[in-house]
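Here the chain labels run A, B, C and D in written order, and each chain numbers its own residues starting at 1.
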Amino acid sequence: MLYCPHCGTSNREGSKFCNNCGELLPPSFEEGLPPEGAPPEPAQEPEWLQGLEGEAPWEPGEVLEGAEEEPEWLRELGAPAAEAGVDVKGEVAGEEGTAPWLEALAGLTEEASLEPLEKEGLLAGVKGALKVEPIFSTPHRVGEVAFSPLAGADQAARFEGIVSQPLAPVAVEERPRTRRKEVLSWLFYLILAGAVVGGILLAGGSINMPLTQATVDFYKTVESLEEGSVALLSHDYDPGTAAEITPQVRAIFDHLMRRGVKIVNLSLTPEGQALADRALEDVVSEHEGYLLGRDYINLGYVAGNEVGARFVAEGLRARLSPYPLGEGVGGLEDVDLVVVLAGSQEHLRRWVEQVQAPYKVAMVAGVSGQVDPAARPYYRSGQLKGLLSGLVGAAEYERVNQHPGIALSMMLPQAAAHLVIALFILLGNFAYLVESLGGRG
Amino acid sequence: MRELLGTWVAALLTLMVFSYLISDNPLYRLAEHLFVGSALGYAIVVAIQDVLLPRLFTPLAQDPVTYWHLLIPLLLGLLLLAKGRVSTAWFGNVSVAFLFGVGGALAIGGALVGSLLYQVRDSMLPLLPGEGDGGRAIDNLILVVGTLGSLAYFYFTVGGERRTSGLRGGALRLGSIVGKWFIMITLGALFANAVMARVSLLVGRLHFLLSDWLRIV
Amino acid sequence: MEVILNLLEASGIEPLAALMLVVLLVFFAFLLFTDRRVRLGFRPPLRPLPGFTLLNDFVGQAVESGRTLHVSLGAKGIGGASTADTMAGLMALERLAEQAVATGLRLVVTISDPSLLPIAQDTLRRSYERRGYPQGYDPLQVRYIAPDTIAYAAGVMGVLEREDVVASAMIGGFGDEFLLMGEKGAQKGVQQIGGASSPGTLPFVYASMDEALLGEEIYAGGGYLSSKPSHLGSLMAQDWLRSAIILAIILGVAIRTLIL
Amino acid sequence: MKRVLPTAIAMATGFLVLLDFFFDNLYLNALGVTLINWVVIIAACALILGFLNVLAFHLRKIIQRQEGWLYSIALLVMAGTVLLGGLINLQGYRAPLVKAIFDYVQTPLQATIFSLLVFYMASAGYRAFRARNLETFLLVGACLVVLVGQAPLARYIWEQLPALKDWVLGVPATAGARGIVIGVALGSLATGVRLLVGFDRPYSE
């Protein structure tokens, strides 16, 4: 609770201005105390009860709203129940007016909510349980007006910032955006971009990447495919995740084509098929003799949201029948490997649940790094025979496939950016520490 | 030639977007509007080519007797367009109601079959997985406690009833405190987890500028 | 046991599906019961949620007519599994629309799924009519931006950047693009409330919003903001089912620990 | 009629789709798939409605010469170009013009705008991830471990770091995420049920 220094009204934690008089409140971390002469807070009342009384009294209008939302068939059920509990006067009115029995209800409710609260015994524990703090102490921006890691100057600037705020209930927009704050964020951006650019420039050819078992399993699964077998690749990503997945796709294409595997491509995202086309064009040019329609095909986008994967499984034969490649493929059971390239957890889950589980087809996945925690359980349970995750997975695959490509050269800038962001977070904590120590002294 | 021109266009657009980091400016604004426009156009093209033609118009035109039922979504789609005029708006409520009906059912199905079933099942872990596997035992204990705690954190109507004993209230309070710790760990870990994918994206863009465009690397 | 399984097989329902059906029916029974109780006058005490407390009087804190209140209904729509998230956004919109009408703030609603367009417009129109100011409703207050989530985020960033936004509420189905909008709002000093259901998005909600609604909390809007009886009843029913699930997990853990 | 018909339709369709979820019956499955297929078709029709909305908004901006009307022209021209390019010869996104725009305009723009997220994560991390108490300390700690542990070559910083990262993601973070996901399931279950029994009728006047 924050108390307004002017009128004594209590305000929500983190409020910038008093709800009653509109005056500027002290920053939230400096706990405000009720000024002398202010009406004492009814402390014995739990917070939730205040909320109830203050915000949501039962007004006839509201009850009417409730009545309107009640479906007819339930209302019929409900009327006798209401009659049993309440003294009903008159008939249930039409939809436009307030039903008298509901008005009666409203009265009853008001009484119910005004019942004196148990302060001891059973409900004592209750009161405590409800004192859960306002969920997360979201850092409030007023406390960070200056947005600077330099504590001493920071204090002054913050004070200045608060003082310079107009004392009107206009609030919000006047959160000062000082030039310094902007300059600081430019500095951050510059350092981050510099780290990445430097990493790209410094990165040599191949880095000695450690290989993870999931990648090796992926490789082995592809390696075990015989010439002429069929692999189905589902490109379920968009340009937002393509930076990670396209390098995976190139490495996988390269490997599949060296094995002489026929490749069926499709996509459950509208953009995926175009991205797949582009990767295909590039890789096919390195492998002579791979013919469109005979050795590889892109079936395009399969719309269907939740059931897209099921549409694919059920309609594969029809989709493939116009092409020479489709001759030997009667359905999903003739596909030797399904490769799911998922930019989101949802797509992977659909493939595993709607295709892998019912059809028991061999499945591997290449996913965005972000999907990795969700994908790993499928790999552990054996539903996925191999898993590539993120750019790191692509780099590992390039290494095990002995065909170094773009992913390996991106490892250094990737690592640099991670470290820089970690550094910023540490810096923020350092600034906070210095600030709070300074505030105490 | 096409490739070269394309690379230049892409590179310039990329730089226009990065200029937004300094501040809002006309170049970024142009790039933003071009992007929104092309994304919109593309989505409509995809919808026509991959949905409306193959799933609606082609079957209807070729074999209207077999595919008569497709007239229903066609009608519902047209009714939705009727919402554009206030006087005919209520017809459109039928299509909207249809969408809400299917959506509500999918929400229920997704919640029950998609998450609840698997998550609850996976939470039932043995606390003594076997001899000499102390690490797993501790992990499982943490998993169970964390799941229960973070679930208890979300109680909305705690304690309104007289049946709530002090013990149960205390357990809930403890649960929600522990739950909050776990939720905070989750938020921190997932934030960092998201960094990886986006950094790859940034590296990809800068790599494009340095290698495809400037040809430095 | 065997009898039950046989019976299930005969009726074409798998055991797991049957279990889920039971859960659904139990929940439905809870809901009917709690809804009735609330209608008869019982008011469940609600845990305070700062997000909804702020939302309830969102624009009251910054009244200056002519400026903009932005409401995002999420990057998803209706008709799919994220329908529930979108409903949460619509609940908030209902409340905010009335506040905007009352204070004369300019309301901009952005959507990314065009199926939402008629619903968002209807919600707005009704709010204006309820306040006796139907001529104030403009269908173009609801802006469809683009179906692609990044394009949507770019469009919303444009709104936050240039349209003198004083407050912004973003509740619904979101992915990572949330942070693009949220951080832009934070940079511009916009008062923000946000909520999402996907765990991966929550850190971004937490990091960029003034008040965050996490996960399940977004669905509670009807109960917290409008005190709709069926929504209050539903919150109670959710809690009962939650207790049942907690007990089930404890039981499952005990069985697996003791028997295995 | 105006009220009953939409409600009945919502309840009936929802009920049918639910039946498909629970019963493994050939006809019900086919019906469920059909209904969802219809949703896909209606959503595609809704795109046209959406396009009209965009058109109306930007045309008004252009006609009234509102601030930024030139950009509106750019937006409409771009959308129109892609649309016409795809509709001519009905080549769709395989049309050379659409393909070129997708490859050289849309993809780089989408990727670059999304990559701004990294910069925003850096500034949000600096501003919001501060250890003020035990809870936020856990937040920051988990974040740093995963952030550094996930960097390629992290094992050169500390041999055990990747394993620790996997533990944080796999044990405590999974537990928290499970609680959140189960909660969300409860919430969307409740929302869905309210829609299907007609407590909530956002489609009705």
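In this text, a residue touches a chain if its C-beta (ideal position, glycine included) is under 8 Å from a C-beta of that chain, and two chains touch if they have at least 3 such contacts.
From a predicted model like this one, the values you see are computed outputs, not experimental measurements.
Here the chain-to-chain distance from chain B to chain C, counted in touching steps, is 1.
Set against the Cα centre of chain A, the chain with the most distant centre is C. Top contact pair of chains, counted by C-beta pairs, is B-D.
The distance from the centre of chain B to the centre of chain D, each centre being the mean of the chain's C-alpha atoms, comes to 4 Å.
The centroid of the Cα atoms in chain A and the matching centroid in chain C are 15 Å apart.
Spacing of chain A relative to chain B, judged by their CA centroids, is 7 angstrom.
Within chain C, contacts with two or more other chains are made by residues 17, 20, 24, 43, 45-47, 79-81, 83-84, 115, 117-119, 122, 145, 147-148, 150-151, 154, 162, 176, 186-187, 199-200, 202, 204, 206-207, 214-216, 220, 230, 235, 238, 242, 245. Of all residues in chain D, those that touch two or more other chains are 7, 18, 21, 36-37, 39-40, 42-44, 46-47, 49-51, 54, 68, 93, 102-103, 106-108, 110-111, 113-114, 116-119, 121, 123, 125, 127-129, 135-136, 140, 143-144, 147, 150, 169, 173-174, 176-177, 180-184, 186, 188-189, 191-193, 195, 197, 199-200, 202-203, 205. The set of chain A residues touching two or more other chains comprises 69-70, 74, 126, 130, 132, 136, 138, 141, 185, 189, 238-240, 242-243, 271, 303, 305-306, 369-370, 373, 391, 414, 417-418, 421.
Chain contacts in this assembly form a complete graph, since each chain touches every other chain. Against chain C, the residues of chain D that register as touching in their complex are 18, 21-25, 39, 42-43, 46-47, 49-51, 53-54, 56-57, 60, 67-68, 110, 113-114, 116-117, 120-121, 123-125, 127-129, 176-177, 180-184, 186-195, 197, 199-200, 202-203, 205.
On chain C, the positions that touch chain A within their shared complex are 32, 36, 39-43, 45-51, 53-54, 56-57, 60-64, 67, 80-81, 148-150, 166-167, 175-176, 186-191, 200, 206, 209-212, 214, 226-230. By the touch criterion stated above, chain D contacts chain B in their complex at residues 2, 5-7, 9-18, 21, 34-52, 54, 68, 71-72, 74-83, 85-87, 90, 92-93, 98, 100-119, 121, 125, 129, 134-136, 138-147, 150, 167-169, 171-186, 188-189, 191-193, 195-196, 202-205. Within the complex formed with chain C, the chain B residues making contact are 24, 29, 32, 35-36, 39-40, 42-43, 80, 83, 89, 92, 96, 99-100, 102-104, 106-114, 116-117, 120-121, 123-129, 144, 147-148, 151-152, 154-160, 183, 186-188, 190-191, 193-194, 197-198. Those residues of chain B that touch chain A in the shared complex are 21-23, 42-43, 46-47, 50-51, 55, 106, 110, 114, 122, 153, 158-160, 162, 164-170, 172-173, 176, 180, 184, 193-197, 199-207, 210-211, 216-217.
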